[in-house]
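Both complexes below contain subunit A, partnered by subunit B and then by subunit C.
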Partner chain A sequence: MSYQIPKFRHPELPKNELGYTKADYEGAISTLCAGCGHDSISGAIIKAVHELSIEPHKIAKLSGIGCSSKSPTYFLGKSHGFNSVHGRMPSVVTGAAMANRDLLYLGVSGDGDTASIGLGQYGHAARRNLNMVYIVMNNGCYGLTKGQDSATADEGSISKKGEPNPFGSIDLPAVALQLGATFVARSFSGDKEQLVPLIKAAMSHRGFALIDVVSPCVTFNNTAGSTKSYEYTREHMEATGTVDFVPMHEEITTKYDPGKTRDVTMHDGSVVRLKKVDDSFDPFDRMSAMVALEKSRQSGQILTGLLYMDKHSRDLHEALATSKRPLNELTETELCPGSKVLEQINQSLR
Partner chain B sequence: MNPTDVSNPEYFHKVVDCQYACPAHTPVPEYIRLIAQQRYTEAYMINWESNVFPGVLGRTCDRPCEPACRRGRVDEEPVAICRLKRVAADNKESIADLLPEIPTQKNGKRIACIGGGPASLTVARDLMPLGYSIDIYDNQRAAGGMMRSQIPSFRLPETVLNEEVNVILDMGVTTFLETEVTSMASILEKDYDAVFVGTGAPRGKLLNLPGLEEAGSAVHVGIDWLANVAFGHTEQVAKKVIVLGGGNTAMDCCRTAKRLGGEDVRIVVRSPYADMKASPWEKEDAQHEGIPFYDNHTPKEFVVEDGKLKGMLFEKVEAVYDESGKRSLVPTGEDWVFMEADTVLMAIGQENAFPWVERDLGIDFDQWEMPKLNKVSFQSTRPNVFFGGDAAFGPENVITAVAQGHQAAVSIDLFCQGKNLLQRPDPHTNLVSTKMGVHEWSYDNAVETDDRYIVPLVDLDKALSDRKVEVELGFDRDTGFKEAERCLNCDVQTVFDEARCIECDACVDICPTDCITFTTNEEDEAVLRTKLTGPSHNLTTDLYVSQALPTARVMVKDEDICLHCGLCAERCPTTAWDMQKYFYSVSKAGQAA
Partner chain C sequence: MNASVAPIKAVNDFVIKFANVNGTGSASANNLFAKALFRMGLPVSPKNIFPSNIQGLPTWYEVRVSEKGYLGRRGGVDIMLSVNPQSMASDIQEVESGGYFIYDNTKALDLRLHRADITFIGIPLTAICNEQYKDPRQRQLFKNVIYVGALAALLDMDFKVLTALVSDQFKGKEKLVLPNIAALELGHQYAREHFSCPLSIRVETRDVVGDNILLDGNTALGLGTVYGGATVAAWYPITPSTSVVDAFDKYAKRMRINAGTGEHNYAIVQAEDELAAIGMVIGASWNGARAFTATSGPGLSLMSEFLGLAYFAEIPTVLIDVQRAGPSTGMPTRTQQSDVLSAAYASHGDTKQVLLFPSSPAECFEFGASSFDLAERLQTPIIVMTDLDLGMNDNMSPPLKWDDQRTYDRGKVLNAEQLDSMERFGRYLDVDGDAICYRTYPGTHPNKGTFFTRGTSRDEYAVYTEKGEEYEKNMLRLMRKWETIKEYVPEPEFKVASQKTNLGVIYYGTSEASTLEALDYLSDEGVYLDAMRVRSFPFNDDVEAFIAQHDRVFVVEQNRDAQLRTLLMAEFEFGPDKLKSVLCFDGTPISARNIKKQIKQQLPGSNVTPFQRRFRRAQGGAA
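Showing the complex of A and B:
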């Protein structure tokens, strides 16, 4: 078994604006099972961050517990990392984001970490519109503890154990929409063409950006009866449309049919171009997204792509009117302005 | 593109860049692994089967394998393949029991080999075990050809050469040494079943410049002079020596002169330094011994006073390249340069010469006085006469002569049996999985990051004091192991089974060099290359294209910079990828198709 990735890379690897190659965004060699969907998501994150030319030290990756939450070790090896308590990643992100708003927060979680033990934390992070990217590596089972059905396993889905799941599943995008999330998407680990632009768009979004990624567990849940296998997902996947991500500095040259295409200028100046498959669907309308999700659920399809985006999202910092300068950069002089200022404040309250 | 046919023996052969580049197709990674396992004798025999002179070639080969080495495409320098071969030769034990048996009952066929160099010896090596009777004719007092007469003993000790030549002669070859063959007709009169001409390219070129005649014995043809040194006829040289030429013979001349008393020994060459024909390492070796190179100097005239050579005049030139990259050397207009010299050695090229082959024997020659040959069978227009080595298509090198000797032997064997010479035996191939466990392979798949190791040299003063002291000491066993570990095991092939693939992308994600892509197929290879994960610009390597997968995509692997690290197969959940060791060897005479 190999414990290290060979040092050599493709000699002609493209460099991004910072002069970094993809290799500069890699992590340690994966110890997940061979063929795990999580590794593909790691690959997609590496590709997206490299192409966005984000300095590695400007990213903090945080996770909880589980196979998914191990995966940050396998990408962005030069970024900040925090492997937190089971289901409590959103709290740690909240604290970190409050202390330093200048970092890009990438939360990585799984279906157990999010939909079971962490459901409460997940809901509140979405509700508060915490400025973070929240990726769920969703395989419908507890892979780290021998593959029991998780809360996102579909009713009737049969994992390696062989028993149909008797319970209905929690649809994480639906929950997020319900609770006020401002960017909601679903994708599949086996479809990087869709996943990479979604990650880029999520990273450019200000506010809570959820990407629920179906990520098959090859060891316990890639069976013939599973609804989260590679084969089933490929056969039942339908997309709301395609997403192109155009970085801020790139000129938009190609023209599309305006009826089917919408360009959205993101907070950082980049543009997300949406090409819709179905005219009746409107990704800027929460209701439309909820209806589309419910329809696809009833027809047994897995709806992927960008489900909803709030163009006027106000994140937690705006809501709380926090200091524009990160709290961790404020000095004692600013934090303790002295008795004169205290006196003024007291006066204003009389 | 059509799916790749990996059952074609040439497909995986081409992936093993070193072996593919070797004229004799020596299974390089196989013997390098054996060296790493300290199985030196077996490593030696793998070589011996393919290239006949591992000890000689481990010191002197032109090493076409090394520029081809895959490691050179991802690392600074290729594996030191040539010097590893020497490690096998230096550390081997007795090979007597491993040599082919020579039948006491001969098959009644008699073959004459004219010239006792590497090509003829290879023919003998291949045909003796089949029961042929071989007569070798050579004008020198010992067999070995240019390996003996032109390669100085400080690069190739006589003992090493003798050992490997004798292995063949001891098979029972009859030698006629110090026997100059002056008439092909006289050989043909002896009723041999076939005649093989391996006489090399024995004629050194001489520049006929003003003053040449007057300079007399102060001017020598390089290869003749080297031969005289090798056979002890020349034991010293004057103090000031000019060597004309920029090839490997020039390097050997100047280094030899330095050892025979030359004090001011210099290389003067017409072309720019970078264009000199000598191998880079041979240029380095000469410079290491303090020999200056004067490039861009065209020799114009010998300066002779009172019947004694004083020096030479040179015109300075510069290289000018036209649009098509063709070079011309244009005089700079400066005054001619005078360089003092007591002796001039000319190493400006050599050519074939067949004055001894009568032109009425049915052996046709072309306009350049070269024999007309079939390029595959090496058969001349007279069916029972074959050519090989430098005698066939002009000066090349030892390993090419060996490769041609093998092929000529195949032809001679087929000819003597009355078979079609163009129905060549297929190569011997074997493809077997190296899988030993879930993530275990029977080869060392970790990719070492060590830089190429440098071969230690003997102390310079000692080297220059005696022409018989070998300059290179060779790798010791430990260094040999470390250098062997740099080999990427390109013969362990990545074999893809589309029926097992679930398209999980694990191989794509783990591949350190971005070789693997799953994409929709294209008719045009050039278009497909633009769709690959990693840049795909090396058109000399192939794309491995699978059958269509369930998503209608295909797996495309660019063979260019695959590290053969096996991670694709380790990360594959369904063993759609497997690492399989490919052994390819060129069939020799008697190994039927």
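Showing the complex of A and C:
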């Protein structure tokens, strides 16, 4: 069951440029377990979209199957949504994006949905550089089917069932990097400060933008031996740096130390300001990102923040040279060649 | 070259088969032969019988020539043209008594293969080529053209038609025209000098093809999807469906690219597998584009989960299934109609899918276009069930037709103004009483008309619910929609026998031509059957009435399990004794002689056990 959010709201809720309050971006009340990381991510999405002043109906939210994939019901109630089948959200987004290039496509998935049954579609959407934001709510387990280890569970991690996981984990950002994703980030559901600007940057990026968000499952995988618990993640999280997001129409006022700061103008004119922690790390270099990920993995840390961004990304529409006008707006006049042409074709077949 | 049996005498009515080696360039020479007969005004139906191989294995090309216009397989071969030693022994066996075996006698015929009742005609093709050409590739390619030239003399074909065709074929590559004509002449001259031409089997120019065209079903389907306004094609390569998307690509490149900007008014995505291909089609259709995919049996199985979603969430989906011989990889380059049941009930849970059965290229074109109207009007998957025989062989067909007054039926889609004028939008609300509800595209209105599409149960406003009554209500509405669908899908076609009869025959797709021919044979023997071609599933009332009106109804199909018969029994109340099967599932198109034989065996009073029961007995089961 989903419940409607009570209508009463404080009259002075802050409005964005479109005159919408945050409530305009909310969805039905969540039916997930209290304390589930997924709900915090939904909150971060609502905040990011509200602050970006995107018209809710210009976003399409799509997901697969799982607790994580249920969450689109709990945000953006004024957007069309599509809860598809397990592991296949990327193909549905691909088709939708081909039909109408003017909407913003937000895909939400889980680690089971993405790293197991959906690993193939995930990889190919990244490889085609499909213009979408792909958020993985990663809890290292299958929440909805009651807590089995998933393919992102670390070796030795112990969930509620009590047995250490015998297999190594799939690192989704590393896979995306290798397969050609043009925006790769990791974050934590418990760190909105970091997550919200990352979501904004991902939404301004043109191309495949992955954010792998560690999102603890309080019911099945928030145990002392789990490497996807709140506590473990807080203790082992390290960041590549911080990301500030400046929308396209706002002026940049503050000055930062140029050595560690880079301003990147995004496709839509917004600016992403990156403050790096480590000078040797270069988020515009795929190799550097891969090395950083591997190093942190070896040292048992969880590397978060923006890992990689390709400023010159060429998305699937560009690769296919599709019309600037959305394909779903074309009419008979543009699409049907008519009887005269058909008569010529008939003639050539005699 | 004299045979012990009188040679077959025939004008414009025979079967010739070419036995070639795959990958030697024989296809274009063989096409040249068939097309030349077609241009001489003769109905032809060429069929490729090819291996799942790129080079080296035996491949055949069978051409039916029939002034009467019979386009199905007749059965039997009157002339075999053999350039493949690998298959020679069985090729010789296949020739009808009184027929001809034309072969490359550069190497002498193994005398053990000799048959006294047929005429052997040896042409030293390899020797001629070795003498004429130095380049090994040329030796191989021109060998094929030379035998076409020889056939022209032996069958008395109009040589001018052949040379004109060569000029047409090599338009833009003029340098190739003369050498090809020279090769034709070489063969022609050799045959004239060495044999008494023409043979007792020969052709004469006629004008019985009228404005018909020669085209394969897949190309017609691909072109149909362009005319039908498809903008998104997603697919994964699989024989025999690949050429559907190839055709879409070819015609879209020609007709859908903006000359000024170079922008494409279409997108083709080669997916990572068939699950992704159908997912993309569903995503694009959900978002208001006309989208389709094409596949064959194995792909259809992979698409099954998504087809359930599209059925339940009511998303228009166009899927073209070019059937081949299954199960599994089966015989991937041979034809069958064996996906009927798995398509009709594709997916888990209670599902029923709409099927269309085209039987000619003209109908492929029409269904390629109208499947989008149906899918959007009915908000459900439409599966076009064609097969390898229709899809990959040139078929003589009425010309393709398009009425410029025709408009696309985009179905029940609400725009922003309509949403503004309504109280509350309910995605699954049956407003009109036909069980088809209104939908909206994403992005239509700032605060009205959005809904959540899901495969889980939901109420009429698309809100998640697990209430049994709501679920049941929705499933019953889908059943009512099934009734509505019957009014929209193509109705069956009937052919009433020239004499009143209590016998009927049902057929669909590529069984049409052979069945009609078999009916002529039968009526010559005093057996009359009323005929019905089923063109779609769900079956409408006429289908039921036809069966009810006859005491015994034969169902002709190209699979082992009598799948359409099973479907008829599942949907109607007819018992198994009323519906008799006529089956062919060896991977070749069903022939007229085969159909006639099976029908005769099962006529009232004849004492033959049908295949399935015979099989059960042989297994020692309870009979």
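Please note the rule applied: the second predicted complex is superposed on the first by the 330 of 350 C-alpha atoms of A that agree within 3 Å, B and C clash if a C-alpha of one lies under 4 Å from a C-alpha of the other, contacts with A are read in each partner's own complex, and residues count from 1 in each chain.
In this section, a residue touches a chain if its C-beta (ideal position, glycine included) is under 8 Å from a C-beta of that chain, and two chains touch if they have at least 3 such contacts.
Just so you know, these numbers come straight off a predicted model, no measurement behind them.
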Subunit C versus subunit B, contacts on subunit A by residue: C
Which superposed partner A:Gly156 touches (first subunit B, second subunit C, both, neither): neither
Partner chain in contact with A:Gly168 - subunit B first, subunit C second, else both or neither: neither
Partner chain in contact with A:Gly269 - subunit B first, subunit C second, else both or neither: neither
Partner chain(s) touched by A:Gly43 [first = subunit B, second = subunit C, both, neither]: first
Subunit B versus subunit C as contact partner of A:Arg350, first or second or both or neither: second
Set intersection of subunit A contacts, subunit C complex versus subunit B complex: 1-2
Subunit B contact footprint on subunit A (complex, rising order): 1-2, 4-14, 29-30, 33-37, 39-40, 42-43, 189-190, 192, 216, 218, 222, 230-231, 234
Of subunit A, residues touching subunit C in the complex: 1-2, 55-58, 60, 62, 72-73, 77-85, 88, 90-100, 102-103, 120-121, 123-124, 128, 316-317, 320-324, 327-328, 330, 332, 334-339, 341-343, 345-346, 349-350
Partner subunit A, residues of subunit C touching it in the complex: 38-39, 211-215, 223, 226-229, 231-232, 234, 251, 255-256, 258, 261-269, 271-273, 275-289, 291, 305-306, 309, 399-404, 407-408, 440-447, 450-456, 463-466
Subunit A partner contacts - residues on subunit B that touch it in the complex: 73-75, 438-440, 445-447, 449, 502-506, 508-510, 512-514, 534-535, 537, 550-551, 561, 563, 565-567, 570-574
